[in-house]
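Note that the chains take the letters A, B, C and D in the order they are written out, and that residue 1 is the start of every chain.
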Amino acid sequence: MELLEINNMVVEFPSRHGVFTAVDDVSLTVAEGEIVGLVGESGAGKSTVGNAVMGLLQSPGHMPSGEIWLHGERIDQLSPSDMRSIRGKRIGMIFQDPMTSLNPIETIEYQLVETIQTHLDVGTSEARRRAVDLLDQVGIPDPANRIKQYPHQFSGGMRQRVVIALALCVEPELIIADEPTTALDVTIQAQILELIKDLCKSRKLGVILVTHDMGVIAETTDRVAVMYRGRLIEMGETDQVINAPQQPYTRSLIAAVPPSNKKINRFPKVAIEESDGNALQNFDLKGHWLGRGDAFDTTVENLLEVRDLQKRFIVKSSILPRNRVYMDAIKGIDFDVRSGETFGLVGESGSGKSTVARVITGIYPDDGGSMRFAGHDLTGASGKDDARAGRQNIQMIFQDPYSSLNGRMKISSIVAEPMIVNKLTDTAEERHQIVTDLLELVGLGKDAAKKYPHEFSGGQRQRISIARALATRPRFLICDEPTSALDVSIQAQILNLLKDLQEQLRLTLLFISHDLPVIRQMCDRVGVMRHGDLVEVADTEALFEYPQHSYTQTLIGQMPKFAK
Amino acid sequence: MISYIVKRALQSVLVLLAVGFVAFGMFRFIGDPIDNMLGQERTDADIERLREILGLNDPFLVQYWNFLKGALQGDMGVSFRQGRPALDIILDRLPATLELAMVSATFAMVVGIFLGIYTAINRKGPITNFILTTSLIGVSLPTFLIGILLIYLFAVELKWLPSFGRGDVVPVGDWWTTGLLTASGLKSLILPAITLGLYQMTLIMRLVRSEMSEVLRQDYIRFARARGLKERAINFRHAVKNTLIPVITVAGLQIGSIIAFSIITETVFQWPGVGLLFIDSVQFVDIPVMASYLMMISVMFVGINFIVDMAYLAIDPRLRGGKGGN
Amino acid sequence: MDSVKRAFDSDLAWSFRHSPVAILSATVALLLILAAVCAPLIAPYNPFDPASLNLMNGFSRPMEPNAFTGDSFLLGTDDQGRDVLSTILYGMRISLFVGFAAVVFAMIIGVVAGLVAAYAGGRVDAIIMRIADVQLTFPSILVAMLIFGIAKGFTPVHLRDQMAIWVLIISIGLSDWVQFARVVRGAALVEKSKEYVEAAILIGRGPIAIIFRHILPNVLSPVLVIATISLALAIIAEATLSFLGVGAPPTRPSLGTLIRIGQGYLFSGEWWILLFPSLTLLLLALSVNLLGDWLRDALNPKLGD
Amino acid sequence: ETLNWARAGDSLTLDPHAQNEGPTHALAHQIYEPLLIRDMTGQMVPALATEWGPNADDPNVWTFKLREGVTYHDGAAFDSEDVLFSLERAQSEDSDMKELLNSIKEVRAPDASTIEIETDGPNPILANNLTNLFIMDKGWAEANDVVKVQDFEGGEETFASRNANGTGPYKLTSRAPDSLTELEAFDGYWGKGEFPLEITKIKYTPIKNAATRVAALLSGEVDFIQDVPVQDLGRVDADENLKVIKAPQNRVIFFGLNLGDDDLTTDDVEGANPFADKRVRQAMNMAINREAIMKVVMRDQSIPAGVAMPPFVNGWTEALDTIPSNDIEAAKALVAEAGYGDGFTVTLHCPNDRYINDEAICQAAVGMMAQIGITVNLDAKPKAQHFPQINNLETDFYMLGWGVPTYDSEYIFNFLVHTKTENRGSWNGTRYSNPDIDAKIVSLASETDLAKRDATIAEIWAAVQDEILYLPIHHQVLNWGMSNKVETVVDPEDVPKFKYFTLN
């Protein structure tokens, strides 16, 4: 008997604009101890399948037809209370978006202990001990202290690991892991995947692993299912699918995986023959508004100069300053970003990469050091106006796209907003056109304009956030994990676009990513961070070929290899 | 923290000064106490003499200043109506009001939150619609009417509950008297507490419902479900706590106004509390009582709002410390 | 034309067309408002014209001829011989205007103050919130008396009646704004720390746009709850204040005043004086609140079900 | 037998001389006694004095024979020392009763059971002023340091303001101001056997709200309430366990007009005062339909009035109190004759929490004035704002009610008719000033020939009626609601004296 059996599942999202079929006739099985990979285009319906299995479709989504069997028991028609006894206990799920999956006002400890105690008959102190253990297992440093913190005090990757810990803590029979490692650096990713694999072996755990990372698929899964536009188009043994894909989409997907071993000029594009003509079009940047902006002056060599930058967070507040406990998130780092280059920032999850971005953009005040951007002092030492003027040209793509979108605004307003604010367009029609273009560019289609952020898949939200950043026609763009949730094909499309912009307009990029192949393709120079320190800065090729620092060496060594 | 409290305390002093200033500017418009004090046999000369004695002929700033001087020495003036120190009168009346306010606020909060959660979880359905609609009756009709209707039903027709007063009270400690320890005291509490709490209950219920409906659609609630948490824990802990900021804000304000201005309910039920005292004072233009009363009320509101602001921090860790922990 | 079409096509209009409750309550509210506006045209009598009243018609039972005069009134008459139906219609004009205007006034001040306090923080927050504390101390009775007293000094005798209405609106509004301000501030403090606000700042949005375009829509739900629920309260408050001599004269009773008058006849058998105006107020409050419920849900894209 | 008693307000203090005010006296009357008292029908009868009257040889000296064998609640004996002490106390600076005694020059106690009061001129109505003047025990006062009257305005609380020791039929057992006062029959009361004294315990609760008061009576929680709203009388009377009794009250309700000023502030007539024209006042007097007000607004609980004087008062005659005919056409003609055919506008100031249905009466008047072309803007306010306006001459057309505790017209003239001066005419908001009349009013105080005095009173009333100084509306009627087991008549001053009450 299969552990999980999905038969002809259909999921629909009705709306006033018609019914959208997100999952269309999907059948899938998972056996005990098996890891089934689920890959596919962003927005193909992968997360929706997971949600449907859990009975947690977001309203108004529903499952008009199809069956779900767990261990020979049909579960899609269970009463809510019976379903509740299955969730967590027998099926665990790791949500795709770790940022919004944690209750923002409860401590990590509370959420872990509560979950453990709901399912296991253990005392509070025992549950606490287990919680700390779990955090340790998912690689969170200093778990005993950090467990007392709140989600917003954790980095993206750390939150993702908390979510994983929460799903694993009661030892379910089946785990649906929806992009569980998107925000993790390779070392920790390896550690987590190892953990899951162990569980599969030792406890006959079945896993559905949704991911866009072909390397992970190759190294972890037993079988793979490929989804495209709501349909399951291909399914088979991992080796077979990777090495001899049947479907054109699968083929192009695999072809699009960026090579990790050498630098090529542009990302390989996916070329699939689309019947409905909705494929990513080639885009002529030159004639377009995006490419028309004034090329940035190149007189300054270093657009951004960061010296001895420091940032500390209060971990334990106290009335007396001397009793306060601080955590140094950035311990005095120096680096320059040259005009027109792409500077990559890689490093351990929780090492302070996002913090650097946030300090540069002024979201967090700095605690020392200096930042100069195109002649402006960003620390505000020489006046707030100067800092503000400097920051006018800095834009950022947030690591967490969903929280950075105002849930009460339609996509059209979100994307149009920067143009309105900065008066970048003359007429409303022009603006409307550009919004449509931008959405096309990131592969969303113009229908997206009418929707609200919550109606999108993880990767789609990420693309909205990118479209918005582009609409500012930035001069300096900080990308914090910009493609972490994107399948390789769309990733290629977007990264190529960024490259084009860079060529055209000398756009400068600060590119934060855990995805080393992407870094290798994108970046001119790379900085490696660990524990708040910048341990190494080097030209990309030099770094990949001859890593100096021991941490860099481990990092590069652990990069999942995807050999076609 | 300490510096924050000190700052808040200093601000409160300013609030008090402002309250006094506005109050004394206002009293002249409320009417003239002299008529009430002297009765029909007074002559114009009597009026003049008494005005002089009471200092009512002084400009309001002088009256205000004299009041402040007295207040600093703990002397809040003497009631024009009862001829007793204003502060004593207020303190005498306070227990009755505080007990009523506590009971009705508890009623409003407990029932309001519970029904709010219920109607948020079950967004449609006959019971929800029934609760939502009938509760509106409570806010659409004047408190006075509701009070009298309740009296008519439960006191006059059914004779279950008393129509007025506090019942038997027993002293607790030096100045506190309580009706919570006697059967008649408890019975007397029921109708006024419901009358007083009905509006707050509806308000809190609707607030909880509206906020809950939103929170229940957040990802972390779905994830909590995915973790298999009990429905009770999800609704009553995760969801409710996330709706709490507007709710406690309103609850704080409402508790404050229940204590301060439960005028109508106290009048209808002849509840011997400060609300009744206040309306008597306004009608009598009992300036010292009104002034000390307003001072007390402002201290109370400052306190409540301080507690509410502190509660924000307790509830939502994101509000603690400035951006990025500074 | 184009904009009409767009408005008709908007999500809000769509959701309205698909909500029977919204349509029903909007119809009721609209009918009531219309009836009030057209009172002089549709009311059988003009109860505000003292010369047309006959005291002997007082306390006529609904649809029964009066014992003294033989006149008959659909919903009976009140203690002054005013036709209850006409008085409700005329009284609603005052009540609706004062009620809506006061709530809107309170809402505007409160929301703006709350948003600014939350967003600016620091000293601005302290000042606004301490003003709110002062305001809280004064019940609307006292505020009304103060404003009325001051305004009386500035308005000529013949303008006093018009002034009274504005005094009512301002006094009720002033005593209500704090509730809005504090609730909005609380909610906005939470919103302000969210990432979408940071994103908007990065885009170059100024503080005003961030406050009103980004934060406001996200804190609107509690505002709507309080606003709709306050309407009936404001209408009743108007009656209370009028009784204290700061509002409309008793010869021109509002809906609230009519209810207040009717309360006196609760034990004495003249139920119609109380019942009909109360029902009208109830109907109004109900429809406004249900409409508010719908609007709140419709404005929340996530509740689209 | 316990009687639960409720009325709108509470006594303000137990010190019998600190406040001159209805509810305060009402409670004091159960505990303390004056020298002479009005019984429930308004008749002056002996209390602590058995005989009294001015000396035949010297009208300036009154002699009072005191009752023997009277004791206070604490057992002390009552004698002339106490009367002497109490009268002096009542005359002292802080006393609120001193105005009633300001004609007294000296009080003497020639022996233990006699008191002589010397006035500074003949005062024919001295006895009237003593019916609310309570006698305290000197020894008790000295022992408890309450020789001085409680300084009410100064905010003193004294032993006497919280405790009481009188000679009255009931003694105080507990008191919580504004909520509950309990009394118990006094065993050693001198009047045992003379009065019914069937009620042995009294529980007195103020209930401010009329509807609640009625509800409490209906539900049986109280046995006796004062001030039943007129519209609820039917409901109370219909209850098989309850009844309503009524009697005319010593209070008349009327409108005052500013007829003395050259121009009015609240009218729309430039440069002239329409009220100065007697024809206008006449017309207004005729326009008021007192019948309708009585029937509809007062539900028959009033007596239409033709004179601003309650019927109990010395000087009242049926002729004076005949109500003017309600003739709209004639009234209109008069207004036109006066030159206001097109009408004019004026503001009527009215209290809304003082007299029975005060606001409704004013509203009715607005309609009636409208019928003769006078547009009246009604400005109804709580009493604390209304009465100062009359006092400060800020109103042109106002409502006022007047009670006459002395039962004598002089009291009315002094306050309502005399030119407004420092010591007289304080309630005269009409701006009427007639030196002749003033002189006559002043002469009343010292006129010992009662016949002559009555004649002067009649003359003054004739002038007042001729001038149409006031537009009388009606005399109020008092209503007491009570359980069937209680038997009493209504006191015209609204002061129940429970020793007279009987029980079925």
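The rule is short, and it goes like this: contacts are C-beta pairs under 8 Å (C-beta built on N, C-alpha and C of every residue); 3 or more make two chains touch, one makes a residue touch a chain.
Composition by chain, UniProt nomenclature: A = Peptide/nickel transport system ATP-binding protein; B, C = Peptide/nickel transport system permease protein.
Here the structure is a predicted model, which is why all the values come from computation and not from measurement.
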{"item": "Selected interface, C-D versus B-D, where C-beta contact pairs are more numerous", "value": "B-D"}
{"item": "Inter-chain centre distance, subunit B versus subunit D - centres from mean C-alpha coordinates, in Å", "value": "38"}
{"item": "Separation of mean Cα positions, subunit D and subunit C [Å, integer]", "value": "43"}
{"item": "Gap in Å, rounded to a whole number, between the CA centres of subunit C and subunit A", "value": "48"}
{"item": "In subunit D, residues with contacts to at least two other chains", "value": "211, 215, 218, 382, 385"}
{"item": "Set of subunit B residues in contact with two or more other chains", "value": "30, 148, 152, 217, 316, 318, 323"}
{"item": "Multi-chain contact sites of subunit A, meaning residues that touch two or more partners", "value": "59, 363, 454"}
{"item": "Listing of all chain pairs that touch each other, if any do", "value": "A-B, A-C, B-C, B-D, C-D"}
{"item": "Residue ranges of subunit A in contact with subunit C within the complex", "value": "15-16, 59-60, 361, 363, 391-392, 394-396, 398, 400, 403-409, 417-418, 421-422, 452, 454-455, 465, 468, 472"}
{"item": "Residue ranges of subunit D in contact with subunit B within the complex", "value": "12-13, 18-21, 96, 99-100, 150-157, 161, 176-180, 205-209, 211-212, 215-216, 218-221, 353, 382-385, 387-388, 391, 402-403, 415, 420-424, 426-427"}
{"item": "Subunit A contact footprint on subunit B (complex, rising order)", "value": "1-2, 217-220, 222-231, 233, 237-238, 241-242, 315-318, 320-326"}
{"item": "Subunit C-touching residues of subunit D, taken from the complex the two chains share", "value": "211, 214-215, 218, 229, 231-232, 234-235, 265-266, 268, 289, 292-293, 295-297, 347, 352, 359-360, 362-364, 366-371, 376-382, 385-386"}
{"item": "Of subunit C, residues touching subunit A in the complex", "value": "11, 14-15, 18, 194-196, 198-206, 209, 214, 217-218, 299-302, 304-305"}
